[in-house]
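Here it is: the structure, laid out below.
Just so it is clear, A, B, C, D and E label the chains in written order, and each chain counts residues from 1 on its own.
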Amino acid sequence: MKRLITISLSIMIAVMFLAPCPVCAKKPVKIGVLVPLTGIAAQGGLEMKYGIEMAAQEKGTVLGSPIKLLVEDTQVKPPIAVSKAEKLVYKDDCKALIGVLSSGVGLALAKNIDKLNVPFLSTHVMTTKFYGLHPMVFRSGQLANDQTAVGNVKGILARPDLKNRTYYVLVHDYSWGHDAGERFIALAKKNGIKIYNENYDKAPIKTKDWSSYISKIKASGADGVYMAFITNVIPVFAKQAADFGLQGKVKLVSAAAPGPLELAAGGTACHGIFGVSDWSWDVNNPTSDDWEMRFWNTYKTIPSDAAVHSYVGAMNLFNAIDKAGSTDAKAIAAALKGISYDGPYGTVRISAKDNCMRNDAVLTETMAAPDNPFGAKVYMKVLDTFPAAELGPPEQETHDDTKG
Amino acid sequence: MSGTLGIIVDITLNSLVLSGVFLIVAIGLNITYGLSRIMNMGHGALYAVGAYVGFSLVASGLNFFAALLIAPLIVGVIGLIIERTIIAPMRKRSMAYTLILTYGLMFFLDGSIKYIWGNKPRFIELPGFMQGTLPILGTDYPVFRLMTLLLIILIMGALMLFLNKTKIGIILRASSTIPEMVSCLGVNMSYVHMGAFVLGCVMAGLAGIIAGPLTTIDPLMGGEMLISSFVVIVIGGLGSLRGAVIAALLVGVVQTLAEFFITDLAMVIVYILMAVILAFMPRGLLGEGKFE
Amino acid sequence: MMNRTTTIPGIRSGFHPVKIVFIIILLSGLAVFPFVSGNRFYISLITEMMIYGLLAMSLDVLLGYTGLLSFMHNAYLGISAYAVGLFLIHVSPTSFWLACLAGIAFTCVVALPVGWVQVRTGGLAFALLTLAFGMMFHTIVWKWYDVTGGDDGLMGMPNPDISLFGIYIGNSGDPLVIYMFTLIIVTFCFFLTRRIINSPFGAALEAIRENESRAAFIGINVRKYKLLGWMMACLLASIAGALFILYKGYVGPSTMSAFAGAGVLMMVLLGGMGSLWGPLAGAVFFIYIQDYISTMTEHWEIFLGLVVIFLVLFMPTGFAGLAGHIRRLRKE
Amino acid sequence: MEKRHKILEIEDMQTYYGDSHVIQGLSMHVYEQEAVSIIGRNGAGKTTTLRSIMGLTPPRSGNIYIDGRQTTRWQPHKISRLGVAYVPAERHIFPGLSVEENLRLAARPGSGENAWTYEKVCGHFPVLADRSHQDGATLSGGQQQTLAIGRALISNPRIIIMDEPSQGLSPILVQTITDVVLKFCVQSGITLLIVEQNYQMALKVADRHYLMDTRGEIVNNLTTRQLEDNPEIIQSHLSV
Amino acid sequence: MKGLLCTQNLCCQFGGVMATHDVCFNVDHNGLTSIIGPNGAGKTTFINIVTGKIGASSGKVLFKDKDITNTPTHELVKMGISRTFQINSLFENLSVFENLRIARQAKVGGSFRIFSLKQKLKPVIKDTWAMLERLGLEKMAALPAKNLAYGDQRVLEVAIAMAGDPKILFLDEPTAGMSPSETHHIADLIKDLASDISVVLVEHDMDMVMRISDRITVLQDGCIISEGTPQEIRNNQQVREAYLGKAA
């Protein structure tokens, strides 16, 4: 007992003293990157990290100083993420926080942002609670739930093979899933799309065996499924649905864009999933094509929308720091308002009124990929493009509503 | 799409498949516990290792059925190394040490899986004839799920034969009751303990490669299966093989029904079931340590 | 001879002078630390260590002094944190002490029937039941979206002012205030627990840990005392829970998960059971190592696993005292 | 007595259960093909002596030689493989295993035509053959004792150590067991070390007897003849 | 006339085996009663039933004419029924003093005092010291019980049972594993105890039993086969057979 305490104390003291405190010639500007690297969403987190790293490398310097990214694993657990944010800001002196995949983590950070006193830009959080949530909390990344719902409903209405179907709504049982399900159902009903279960099904995130749900869908007679799953579960569900012979008979519409590696893993079972997204590598314009190749050459992995919108979000943040002219939190926050970046998927503008981005989106369907340099077997084919104005929502000044 | 009969068939088969996977994992855990009083917290991680090894074997072009044989053996070898290096030296110490030790092992194996295979989900490619569905009693049911069910029955049958008909099996059964007397008959108990641990690991690996094509392979599959199998063995009675069979069926059926009819509270119901059973039968349905 | 009637061999009635000096240095060091360092990361890290130290200490009251193993003691920290938060949100956003009291009371109300069921079973079944009930609470919190906020956790908790006897102390949103408040409460709880452990009541618990069947044969109602020990552990955990939500301003279901519970257990085991210092030191060590390792690499799980295996294999002294408990578990 | 091979020899053995000093210095020996009994009241340490020989409760000091080999701190399975079979007082029939499985588990090939096989055991103990598929634990006390002895024989041991075979059995069963032990063990050349409280049974079975007082103290070493001639020795050590 | 404690047709079954069969047993307010019998006669089982460790299948246990069958152990102890164990059952890691103090505390009361110090329970402390002195253990008061010599542990085993001021004390093989001189010491101690309270002794050391017992009860196969003074038992043919084995 005594020996243990002695040893552990001496280890601790040694570690504390050895903890790096490098004196650099030119002090870099430190940015804290919070992404999940373990847990259910680890793959998405890794792609986000790639996108942000790539942006930092290409941007090179802000305010004449090198950018230094400090990456921390949130483990998709809000309390851990808050601890990590505190460490990044208090101990490592980060000037801004970026990243964050899940809404729960994003909201927990937003709650603590007054204490942390740095701007926080999320590149993935989809909750609509982020609109005007806090003067220092921003979104520039994946489409929000309301935007996704609008895009998907528009997409369904625009496609005859999707339009006259009854949709079974199945979501992951956590806040984003609930939000995505409810928004879709409300909008679909308004537009005359038939919903089988308005009291949508909430499946635990841990669900591995979807057979019960698939049997339920079979029993219901619905011929469409609207699903809101964490992205790496999309191919899992699609595969099991295909096993049960539902592929083609029941159309799948997804609230979240599946990652390319996940699609590749699912193989042919993942053909035929519809959904809106910021971007897919099928988007054909010089900026996009160029970005794809840069990404591929650096990371040798198929470019994903998680990577690209994290890249764009990071660019918006870096440009805002330059624009602010200092690393003062308030100045960066002010500079982020209304900033925009022309990237692989067009202009991405952060609204000056509600701090969340507006950009164009594409409706995609997954299918066998044509020849491509990335070796992808399945890709998200672009079917339609929806301009930012159509996706909304209207920009309005929202009051600071942390209690929501 | 399918009528009432179809739904009933669907639910029945779904719950049997789910129960079957629970059973193979839980039986492995119970064999180890029943014979050497070691509760292996790393069992779930070994299940995941089995699935990943199976995936790698199939992806490298090996026949699925060959992988089905080789993957559990590889997990068994890993189990053997673990047993000889860290478990065996701890055997004389109290159970808490092995609990914590295997808890550390779980972290280590989970981390290693992510290091080797990454985070993305993996699927085991099945041979062509196992794909597709088979119409039975008003529903279409996936062929390979039916074959999985068959496989699980075969494995349980083989295990039963092994325990009842072979000399090693008889030694194992005897060791679960009066180990002291077994050693007096000239059996080295340290080999029995080793064998029990390795057999548990082989079962975990087997369950892994069986469950791989059913669901998906990801680094979290182990931890979740560990909790489910704890629920099963606790309800059945620690170390009780028959108890595990009954409990696996019970949990599988209850979970499937709950998922089908009252989706939201499925897991709560399973936990309440466990709490109620334990409150009235603190030693589980069949009592502890009935190794038969 | 007269003097003898008040001394108990082997147990000093007070602290050893060296210990007193050490405690004073430690406490004053902790008290002036925020004013010297000003590094808010370490302030909040130490706050977290103190809160988890209190939780680990409460588990040690159960494990080290009553001989009962709980896999998910963190569930009761979580229940209390939710209760305090909900009270502040829905009942009164300013009544600080009332909220803490409500949290503690609610936790006890929940823990009582659970404890009643659990003590009816034996050692290992008790441990497994804590897992079952813990998972149940975890799932309920996750599912009861309308009240608990589901996986988002409980958000929007107001920060009440802390005042004692009409004297304003500070706002609970201020990390420095919470640091000091936590330091005072944890210190208070430490000495209170120490006092209870050395009371006749504590002696009865100790007797049960040492030899449950003999304890019954000297006339101790084992079940009743086990339940009381359980309630005491849950009470301390609920105090830690109140501190937790005040410090984080937030609580989520992951705080109540099985893996977090195993972490608390590890703190106690690392530090060594049956001493109130052990779990505190274990919590400090565990949280620091966890933080340090996870900063170094994204493959932190491998290292954490190796550290644990290494500790158990080569440095098991921290686990002293557990042997007796497990011996009893095995006998059953 | 002619010079014979000592198959078992114990020198100044000290055995503890925890701190309880159960055997406080015991020395004895058994010659090959001899039947020896240890007689003493309960609590004397007879069972502990056997457990020490078997390696189940290793002595803290002293020496045990089996067939000339130092086996003092060997594990039980190694001692068993030297040809030592143990029949404990509790019999330790494996519950959940059938009679046949209980026997087959212990079977070890023997040499010569006298070697014990499953068939031979069943032939000698028809009751085991009749109940070969019954769960061993559900047998009656006498049948269990028969099975325990059968289980010892089927391993073709050189020496059988037997703990209170008469315990809990009716006189008629004691008679049967005695005959069985006499006939099949002693005459077939297996060395026998038997611990008994029932001295009359011990007298029938064994040639030589160790009288054990409390704490494993051997107070006398007599042949059956000597004992029969001096019943007062028995009275003074065994009677109330 | 009924004595302090008596049993009426007490039975206990373990899976078909009658471990205790129709036992009618009677002890007086003081004096030393020994229970003897061959291995497996059911002596310990009998004590276990009377002291509440295991339940009776049928029959009654009366204490001071009150039915106490299947009463929880801790309540029996409060009434004045104590016991010791065949294998030492001490609070091993606690000091000798604390072993006795906690036993005394459980008797005297005060266990529910949560905030006072245990040192402040003056009567308990005083009694504990008195007892240590009486048993000659005072020099070892601060030692952990597990560090005592085995003989002293056996004495402590008896002392813990004594601390509860029992009316009747069951001793299960108190001399097991002791050296002859230690046996003498404890025999004197037991004899001394029996002058105030009723002592029931289970013992294999016949010399000791015959020397110190007032009455002896002989059990075989769960039944009482004989009762009487040491002299009567010594001359009883049935008892001799039980011990020496019936003619086969």
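What we mean here is this: a contact is a pair of C-beta atoms (placed from the backbone, for glycine too) under 8 Å apart; a residue touches a chain by one contact, two chains touch by 3 or more.
These figures come from a predicted structure and were not determined experimentally.
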Task: Hypothetical removal of chain D, resulting connected chain groups - done: one piece
TODO: Return the chain whose centre of C-alpha atoms lies at maximal distance from the corresponding centre of chain D.
DONE: A
Task: B-D compared against C-E, more contacting pairs - done: C-E
- [ ] Just grab the chain with the largest centre-to-centre distance to chain B, centres being mean Cα coordinates.
- [x] E
- [ ] Please work out the Cα centroid separation of chain C and chain E, and write it as a whole number of Å.
- [x] 41
Task: Whole-Å separation of chain centres (CA-atom averages), chain A against chain B - done: 35
Open item on the list: I'd like to verify one number: the distance from the centre of chain B to the centre of chain E, where each centre is the average of its C-alpha atoms, in whole angstrom.
Closed with: 49
- [ ] Please set out, as single numbers or ranges, the residues of chain C touching at least two other chains.
- [x] 143, 300-301
Task: Per-residue overlap in chain A, given as positions that touch at least 2 other chains - done: 38, 173
- [ ] Pull out all the chain pairs that touch, please.
- [x] A-B, A-C, B-C, B-D, C-E, D-E
Task: Residue ranges of chain B touching chain A (in the complex, touch as defined) - done: 1-2, 6-7, 10-11, 14, 17-18, 21, 114, 118-123, 125, 131-133, 139-142, 144-145, 211, 214-216, 218-221, 224, 256, 259-260, 263-264, 266-267
Open item on the list: For the complex, give me every residue of chain C touching chain E.
Closed with: 4-11, 13, 195-196, 198-204, 206-207, 210-211, 213-214, 216-222, 225, 321, 324
- [ ] Over in the complex, which chain C residues touch chain A? Could you list them?
- [x] 39-45, 48, 142-143, 145, 149-153, 155-156, 173, 175, 248-252, 254-255, 270-272, 275, 277-278, 281, 284-285, 288, 291-292, 294-295, 298, 300-301, 315, 317-318, 320
Task: Partner chain C, residues of chain A touching it in the complex - done: 1, 3-5, 7-9, 11-12, 15, 19, 37-38, 71-73, 77-80, 82-84, 86-87, 89-92, 103-104, 107-108, 111-112, 114-115, 173-175, 178, 205, 402-404
TODO: Spell out the part of chain D that touches chain E in their complex, as residue ranges.
DONE: 17-22, 24, 41-44, 89, 164, 166-168, 171, 174-175, 178, 196-201, 204, 214-215, 234, 238-240
